[in-house]
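Data first, discussion second: the structure below is written as structure tokens.
Naming follows writing order (A, B and C), and every chain is counted from residue 1.
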Amino acid sequence: MVLIKTVMILCCRKEENNLKSIKLHLDHFVHEVKKKYILFLMVLPVLIYFFIFAYIPMPGAYIAFVDYNIGKGIFGSAFVGLKNFEFLFRTGDLLRITKNTILYNLVFLILGNAFQIIFAVMISEVGNKWFKKISQSIILLPYFISMVIVGFFSYNLFNFDYGFINTILAGLGFPKHEFYSDQGIWKYIIVFFKIWSGTGYGMIIYLASIAGIEQDIYEAASLDGASPMQKIRYITFPMLKPTMILLILFGLGGILKGSFDLFYNLIGTNSVLYPQTDVIDTFVFRSLVGQFNFSQGAAVGFYQSVFGLVLVLTVNAIVKKIEPDSALF
Amino acid sequence: MEKKNIAGRSEKIMKICFYTLITIFALSCLFPFLLMVTSSFMSEKEIVSEGYKLIPDTVSLSAYKFLFRNFTNLFNAYRVTIFIAVTGTVFGLFFMSMAGYVLCRKDFRYRNQISFFIYFTTLFSGGLIPTYMLYVNGLGLKDSIWSMVLPGLMSPWSIFLMKNFMKSIPDSLYESANIDGANDFRIYWQIYMPLAKASLATIGLFQILGYWNEWYNAMLYIQTPAKFPLQYFLQRIVSQANIQLLIQQGLTINTGDLPSESIKMATAVIATGPIVLLYPFVQKYFVSGLTIGAVKG
Amino acid sequence: MIKKVVSTILAVTVAAGLVTGCANKNTNEGAAKTKDSNGVNLVMYLYGTEGVANKDVLSALNEKLKASINTTLEIKYIDWNDVATKYPLLWASGEKFDMAYVSGTAPVPYATLAKQGTLADITDLLTSEAPSLKSAIGDDYWKSMKVNGKIYGVPSTYSEYTAYGFVTRKDLLEKTGIANVNSVEDMEHYMDAAKENGWAPLNGSANLSMDLYRMFVGTTSDWIDAPGVPNTEMYLTSSLGNTDKVFHPAFTSEFETFAVKMHEWAEKGYWGKDVLSSAQDDKDNFYNGLSASYISHQPDWTGSYGTQKMKLPDVETEFYAFAEAANKIERKMGVENATGISANSKYPDRCLKVIEKLMTDKECYDLFQYGILGREYEVTDGMIKQPDTFNSDKDGFGFAGWGLRTDLLNIPQATEDPRRYTLNEEWGKSAIDNPYAGFSFDSSSVSSQLSAISNVDSQLGIQIMLGLTKQEPKEAVAEYRKQLEAAGIKDVIKAVNDQLTEYTSAEKK
């Protein structure tokens, strides 16, 4: 929104006013730098870093709009407009994979954060120090298990012939279940694995936030006769809100991206399951395998980025109205 | 100061629930990891015919023997990873915490614009080719250790988290220091940093974890085997990925010599072990009540 | 302030455009590090990893090269795992090197590299700098390297017939009284018998679908593989009698029959219900004793002889080549394993000379392909074996030098099934040349169709091959045809046919 406003301002105002306001801004800016030069210096390394490592390569995203020719380079290749986006529309799958991606990511985001908060609170509340430390470490373990191995384990659990679950079912006298042909069940399995692998890591942030809450507040509440649940509900949760909003805003930017490893290793080539489990990244991977085509991949990336940008700008503006302190910018 | 424990019944029930839930979840996290560890001690024949097991029929050290044959290289890979982790974390924490401090200052006029500037980089990216050319052609970092340190040095997510944590430090501290005549850097260094221990520990842990898992940049930029980080080194030992593709292209590979399933498990164990041991040391910073005393004093 | 940010971004865009644009142009620095006024060091990229002894072998090789042509060779590696990412990056980043492995089936195909100007045109250089190389490699091989009439790389001349076929176990054959497998019906008998005896007949994974597709094409009248759609999915075919008209088999009645048969095979349980998600493929399972058969190509089968002796010591295997009956076995084109010279290279002439040495000089060839005599290999009874003194920690060696192999200088390996050479000889007499040698399909006008088709193939296509569709096979085929058309298969076929017609008429001139 900021950018659209800027562009409008640049285009619509008269030139004279334009120059005047630029000069005014520049003057203010220079004055501010002089006054707060230490702050500027402190933030400078970060600015330089992102300028070099993020903004300088960024124009390369233009590759999404050309017919990339190695010899001619990105900017020398022929411009083809939106042609690289065509393949998304040809099979009519675009709506389905976008819907899948958004739904999964929303569930991951909200349910994931919920689990992280709940476990962080629970671990903070239990008294035994050893239990706290050990359980934190154990819950972090899944983060280290690569998705490839998770895929193996999953196959060992669910396969029809000798999978762990089917062996138990057969042993108890129940009929075996064909997990790998069952479309409905995988969304639960996938969400489970995502939460299982992400809770330990995400929980750390909330633990640290809880650690920052002053103890006097809790004591005052106890003196007022508050029960533990009430303390959690009225003190802990509200204190965690800014962090949660921050993490959700960040998550929204990537709403169309991510988790390729998870989906690819759990579902892989099992096309029977695709209607329920195909997401944009896996779809694109399959479309481009066998072809040498950077441009089409970049085009999809562009689509994901623009979507995320619009979403974040919108939600950020809303958050700014409700809780101005928690907005990203 | 300790939390006064009101031993009401509701509190007891709540705590029991908590212990139970945590235990159930922790067991589900522990089980696969245990399976990985026990499978790494299995013989290949058994894994192939009977799958991973918690209690193998025969215990075999062949996977570990295979990995430790390369001991000097493995040790070296650990060294590389530790170097980039420490360097990247120290510098990263320093620069990012400063940025977090600046961004949380309400009197800094441009904090929203700079926040957007930083955040925008998480949405749009030039992609592999321009980034690669920047590092190799532009900065001459091909085969340099810094090509593994720089990419993860600063992350917008960590900066915003840092800013978030610092916002919770009371303004009164800033004001009193200001009145005493301290400049921003001193306030940051002497007041905020000691109070931000939990956040430094958190972000520091994330930085270390990120560098510990580093393999992608090594794959892109590093050629000298002596500079391979741990994960990439282990991956190469296990690589079977493109063999099938090659065979489809009509080339023949003698797959009988390729490492087995137990080696995959053993490499996973070796990769994870040390870092999990680090975590308990960092946990002590997540203890409540660090800001007490600061305000009162 | 916001305006400032925007204008900065605009300025950055322009600046960065210059940086990234310039980095791609050929700087005149060149790749060669001159050691003295005439000595030259060349860099070659190959797949694989650096074996422990590679440096030693290379220095022995360089002694000879320096003595004869005052040049030394340096090898850089692209690890197997990383090929898909690093190979395209090698060319796209403008990195300076002299030579590299190229292939029609590499992540960036040879023809694309040639057309986009990243390879040096060596058509004339060959005659002036390496005439003996030119004559050592026959014209048919050179033909497969031609792009728009010019040559951009040196092909290998190592005969291979990558004919796909069905591998069976002799002990199972004997047990079930089947003489040998020589047709698809025989395959069914074998697999039924295997199942009765408690074996998983064809226990594979999702890529079994492509093997079955190849079986279909190979055993159906005079159909051969045709360019257009990549070989990793359901590719186009043409009739031997009319190679200028390609078509998609899915639109034929034979395909319907085939789909029904595959459905039957799935129902009979030839492969597991979870075949689509299985991690182990049929070849691995076969050698681990978990499958009664597998499908692969002849060089893979013969090359796995060493594995077979190690893992299935008392078992012998047989091979039924799908295309043999109809005399459709094709000679492999040299372009599938070749060496290209980078357009960036400062010394293309020296490069050619080095390639010439590696492919025509016996001592250099042996060093490069087999290592140091006595240390990495010894020759017993005309075959390559590892000497007893071989210690893989010190002597481990390997260059993925397939692009430089020749029939003339090749020495058979003890780990290869000797039938490889007898079969090759036999097939050499009846084999046909690939009619598409020298033709490279320019897919840029139909790249979005190809991506869409790739998606259709990876979903419904694979399911039909493995008989796992929810609908009845004939309905599934009708649906598949519909999806292919929506994806634009007709555009692709038309593009291929048009380009073929153009190519053939240009050839005739």
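As a convention for this text, a contact is a pair of C-beta atoms (placed from the backbone, for glycine too) under 8 Å apart; a residue touches a chain by one contact, two chains touch by 3 or more.
All values reported here derive from a predicted model rather than from experimental measurement.
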Farthest chain from subunit A by C-alpha centroid distance is chain C
Highest contact count belongs to the pair A-B
CA centroids of subunit A and subunit B: separation to the nearest Å works out as 17
Averaging C-alpha coordinates per chain, one finds the centres of subunit A and subunit C separated by a number of Å equal to 38
Residues in subunit B with touches to at least two other chains are numbered 109-110, 113, 116-117, 128-130, 133-134, 138
Among subunit A residues, those touching two or more other chains are 2, 29, 55-60, 74, 152, 294
Shared-interface residues of subunit C (touching two or more other chains) are 1-2, 16, 19-20, 23-24, 92, 94, 207, 231-232
Subunit C contacts subunit A in the complex at 1-4, 6, 9, 12-13, 15-17, 19-21, 23-25, 88, 91-92, 94, 107-109, 112-113, 116-118, 205-207, 230-233, 272-274, 276-279, 343, 443-444, 447-452, 454-456, 458-460, 462-463, 468, 470, 483, 486-488
The residues of subunit B that touch subunit A in their complex are 1, 3-6, 8, 10-11, 14-15, 18-19, 21-23, 25-26, 28-30, 32-33, 35-36, 51-52, 95-96, 98-99, 101-103, 105, 107-110, 112-131, 133-134, 138, 150-151, 153-154, 156-157, 159-161, 164-165, 167-168, 183-185, 188, 198-199, 201-202, 205-206, 209, 264-265, 268, 271-272, 275-276, 279-280, 283, 285-292, 295
Subunit A residues touching subunit C in their complex are 2-3, 5-7, 9-10, 21-22, 25-26, 29, 51, 55-60, 67, 69-76, 83-84, 86-87, 90-93, 151-152, 155, 159-161, 178, 180-181, 267-272, 274, 283, 286-294, 296
Given the complex, residues on subunit C that touch subunit B span 1-2, 5, 16, 19-20, 23-24, 49-50, 76-77, 79-86, 89, 92-95, 103, 105, 160, 162, 207, 210, 231-232, 281, 283-284, 287-290, 296-297, 299-300, 302-304, 306-307, 310-311, 332, 336-337, 393, 402, 415
Within the complex, subunit C is touched by subunit B residues 48-49, 69, 109-110, 113, 116-117, 128-130, 132-134, 136-138, 219-220, 223, 225, 235-236, 239, 241-256
